[in-house]
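Chain lettering (A, B and C) follows the sequence in which the chains are written, and residue indices restart at 1 in each chain.
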Amino acid sequence: MSTTAIEPAPPPTRPRKRRSALRWHNTLRGWSFIAPNFIGFAALTLVPIIILFYVSLTEWGALGDPKWIGEENFTKLFTRDMRFRTALWNTLYYTIVHMPLTLVASLGLAVLLNRKMRGAAFFRTAAFFPYITSIVAIAMVWNLMFSPDYGPINQILRFFGVDNPPGWTVSSTWAMPAVIVVGTWREMGYYMLLFLAGLQTIPRELYEAATVDGAGAWSRFWHVTVPCLRPTTFFVTVMLTIGSMKVFDLVFVMTEGGPGRSTLVISQLIWQQAFAEGDFGYASAISVVLFAICLVLTLIQFWVNRRAER
Amino acid sequence: MKKTTLGMLTALATAGALTLAACGGGGGDESTTPAGGQTTSGAQASVDPGAEPVTLTLAGWSLETTPEFQVLADAFMAANSNVTIELKEYDANDYGTLMLADMAAGNAPDIITIKEAKALGQWVDGGQLLDVTDVVSALPANVSGAGSYTIDGVNYAAPYRQDSWVLFYNADLFSQAGVAVPDGSWTWDDYATAAKALTANLGGKKGAYEHSWQSTLQGFAQAQTPGADLGGGQDYSYLKPYYERVLDLQTSGAQETYGNITTNKLTYQGQFGKQEAAMMAMGSWYVATLITQQASGEADSFTWGMAPIPQYDSSTTGTDKVPVTFGDPTGLGINAGIDSSKVAAAKAFIAFAASDAAGEALAKIGILSSVSSDAVTAAYFAQAGIPTDELSKFAISTHDTRPENPQSPNIAAIQTALGEAHTAIMSGSSAIDDAIALATSTIQSEIG
Amino acid sequence: MTAATRRPRRARRLRERIGKGVLYACLIAAAAFLLVPFFWMLSSSLKQNNQVFTIPIRWIPETFKWSNYVDIWTKSGMSDWLKNTMILSVVVTLLQVFTGSFAAYGFSRIRFPGRDVLFLGYIATIAVPWQAYMIPQYKMMASLGLVDTLWSIILLQAFGAFGVFLMKQFYETIPEDLSESARLDGLSEYGIYRRIMLPLSVPAIASLSLLMFVTTWNDFLGPRLYLRTPSNFTIQVGLKVFQADPQGSSMYGLMFTGSVLSVLPIAIIFMAGQRYFVEGIATTGMKG
């Protein structure tokens, strides 16, 4: 029993008899499970999102009736709007660096803290603390650490002989790396928690068997932990990607998109367009593009995950 | 199977369409019929006392620390016994967003406070505000700021409050440094010279503090430079001399750098109130805050005063001239969806808020009314803790205040682009010319 | 046992001890690094308003303003806010865990047409920024008369895709054989969900509950838009009362006092709740 348990979950298979009746039965049963969540989800999230898709083809200032303008918003978005291009690039930059960094850091933390040791509970809580600390306090302290003249980070850099340390949050080149570091620092405890839960599903017998076969700690990690964590890793990867593509509040409190537009991200652009400039149609069009990009990324992740499943 | 999915989608689409229709109905219908025949009844400053009882709702924010709404409401209710004004509280920082949501849902109060002139265009486009031209054109000539609420010749709100930017200075620090206090004759170059002299003689404290906002710099350049056209979208090179001066002050150490202000989230109340800097350009709203904080011990006690803001050149300096500064008014508009039986009372209220009586009531709590008169100035300077020298009185009462956000269809987009230029230049990550060029091309693609 | 075998063992023990010492030193340094902003928050909660943001930063207040911790209870609606936040967090967490784990079972264990597309749609909606559709959603809620009630936030938060996705991924680690044999024993799908899946997914439920609780507790944008009367505020919305607009003066000291107070319940729940997701309940459960 316990040896079959280790296999990554096989896709549910069912006896191939009385197919159509079974299919009808299954559809009904499947929906009966999904319905309680789906009804709330459809009414409160799906309907507004469908409206958003419609609004993206209109000119709408949130007041009065939307005016149909077809694909005009999208034309402007892809041909004229330099700010959108910058925001898209910045968002991708953030995602591409922040995603793997956070994945590795949170998995590392989870493996490190998934043991019986004195104080483990305290360290796990400490790792989670950045996520619950007020974001204003986080922005304050990190901005201070990055402060070009007085900040400890640059003092250390100068100590090691770097004559011209970066200006971090007040430099258009270094602001994004600074934001990424803080983003990773803040979120790793959150994803660590998910990995910790995932680690509990790996049967101890597997590690014991691997040890008997002479596998070292590193080899056990690669051949037992990583494959068995695949469902969790998949979840974390998808959520992290979408979360990074939507990043907003952290960037806003740290740099407000500046200096210039060097840390302007898509979500902030959407906010600006909608609430500062009153152009909800255009903001919706940007949201649709963001949605499409995330959908493609998620599909790729699903596909990779399926292949690994086999 | 196909049927189920299809059925589901149809159901959803219908639900969506219904909601849209319902939503459209809420805002749209009411706004297209802006209480037509009511316009004749406006403009009078009080309502017939024998009239039917009316209850008006009024939008305000941070009511506990912003008493002006209650003061206006109380003063009006005292004169009009049939009218009850109820305050509806909003969050000060998210006022625009929350108000927009309420307007969209048809929940906005009867009287809408215009906190930021920038938002007015969007509200008017959405048909949310009643035409109050009759009220505004009947206002006395000593009321300023109504132009900020005029779109295509139609007035949509009456200003009740008008702040403007003045120069605050710490007289103790000036005398400690042996520098003469401002006398009303300063241009910005005089200001820079004084800032450097102060810094050299104060041992660690800064001569000037300039807060990191875009308006702290661009507001003056826009208001004072001859020919500067914010809404035109063509030429923003008028910003350059102002940036050069400030960057020079930063490099010479005469004012805190932009990087240190933003990375340490410095507050102007802390910098001036705790005597970290000897002078500071700031809006007149800070007068009330500084008085309160000195009384409570949050700010140090020191002698301070106000001077006219430094000028572009000497043609407007000196107390025999009118100094040019900037500031947006705060005004009151009327919800286009208001019940027609309330329109007369609402118009009477917004007219009252821009009257001498309201101005004096506001001045007593440290709010500068849009009405300028000797009585209002006298009431304002009767506050305990306010400096009463002649120059302070001159700075508060005499100025040509240009709007920070003149009405223009693209004002919000223009300010966003210039805001990006501001952070790029101030942080030193972009040369002045490059940042202005980028902002100009962004604005032109937005307008075009 | 000979001396020859004993010596390497002692050496190994010494090496282990040194390793442990290094590990702890690293962990303590890391913990300090993670807790610095919290420490600053704690210190700011004891400062006067004008002394919170200064150059250079002050880690220890000049004068300790202990009265902040009294004032926040007497001069603000903190107790109301705490109560509302608690109600919301508990109700939203319960609803999300229940409906989410239930739906996840349908998505992971029952094959029916359109399932995968529907699931993908669920996840993809997470990618749409809320700011972009908050106005249409607000209009719907307003037409139902739910603005300025706690119901609006409950409805907003309770049916997200997050819980469904998390639980589905977790169910996939539970071997299908278990449910298959239960089916042979005559258990219905609902029975399998309740008797087998739920007990086996305690770590996932624990982490989902905790994350949902924290998310609801710290949620700002939704409650900011929907809750308008001060007595209906949550903590995060309430704390913004202390932050004035640029023209006013903010009460930063009280704001951080409130922030510290709002972190404490979560820290306690986290400390106490972690045994449910780190102590290998699933592994022991699966042995049966």
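Throughout what follows, contacts are C-beta pairs under 8 Å (C-beta built on N, C-alpha and C of every residue); 3 or more make two chains touch, one makes a residue touch a chain.
Everything numeric in this text was worked out from a predicted model, so none of it was measured.
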Interface with the most contact pairs, given as the two chains involved: A-C
From chain A, the most remote chain by mean C-alpha position: B
Gap in Å, rounded to a whole number, between the CA centres of chain B and chain A: 39
Averaged-CA centre spacing for the pair chain C and chain A, given as whole angstrom: 16
For chain A, residues that touch 2 or more chains besides their own: 23, 27, 43, 46-48, 51, 62, 140, 144, 150, 275
Shared-contact residues (touching 2 or more other chains) in chain B: 1, 4, 19-20, 97, 100-101, 104, 260, 264-265
Of all residues in chain C, the ones touching two or more other chains: 53, 55, 57, 113, 134-136, 140
Chain C-facing residues of chain B, complex: 1, 4-5, 19-20, 22-23, 26, 61-62, 64-66, 89-95, 97-98, 100-101, 104-107, 163, 213, 256, 260, 264-267, 269-270, 273-274, 276, 283, 285-286, 289, 292-293, 298-299
In the complex with chain B, residue positions of chain C that touch it: 48-55, 57, 113-114, 117, 134-136, 138-140, 142-143, 147, 224-225, 228, 230, 237, 240-241, 243-250
Residues of chain A defined as touching chain B within the complex: 23, 27, 42-43, 46-48, 50-51, 54, 61-66, 80-83, 139-140, 143-144, 146-151, 167, 169-173, 256-262, 264, 272, 275-278
Sites on chain C touched by chain A in the complex: 24, 27, 30-31, 34-38, 40-41, 44, 53, 55-57, 98-100, 102-103, 105-113, 115, 118, 120, 122-129, 131-137, 140, 155-156, 158-166, 169-177, 189, 193, 203-204, 206-207, 210-211, 214, 218, 255-256, 259, 262-263, 266-267, 270-271, 274, 277-283, 286-287
Touching residues (chain side chain B, partner chain A) in the complex: 1, 4, 12-13, 15-16, 19-20, 24, 27-28, 31, 96-97, 100-101, 103-104, 118-119, 121-123, 125-128, 257-260, 262-265, 412-413, 416, 420-421, 423-424, 426-430, 435, 438, 441-442, 445
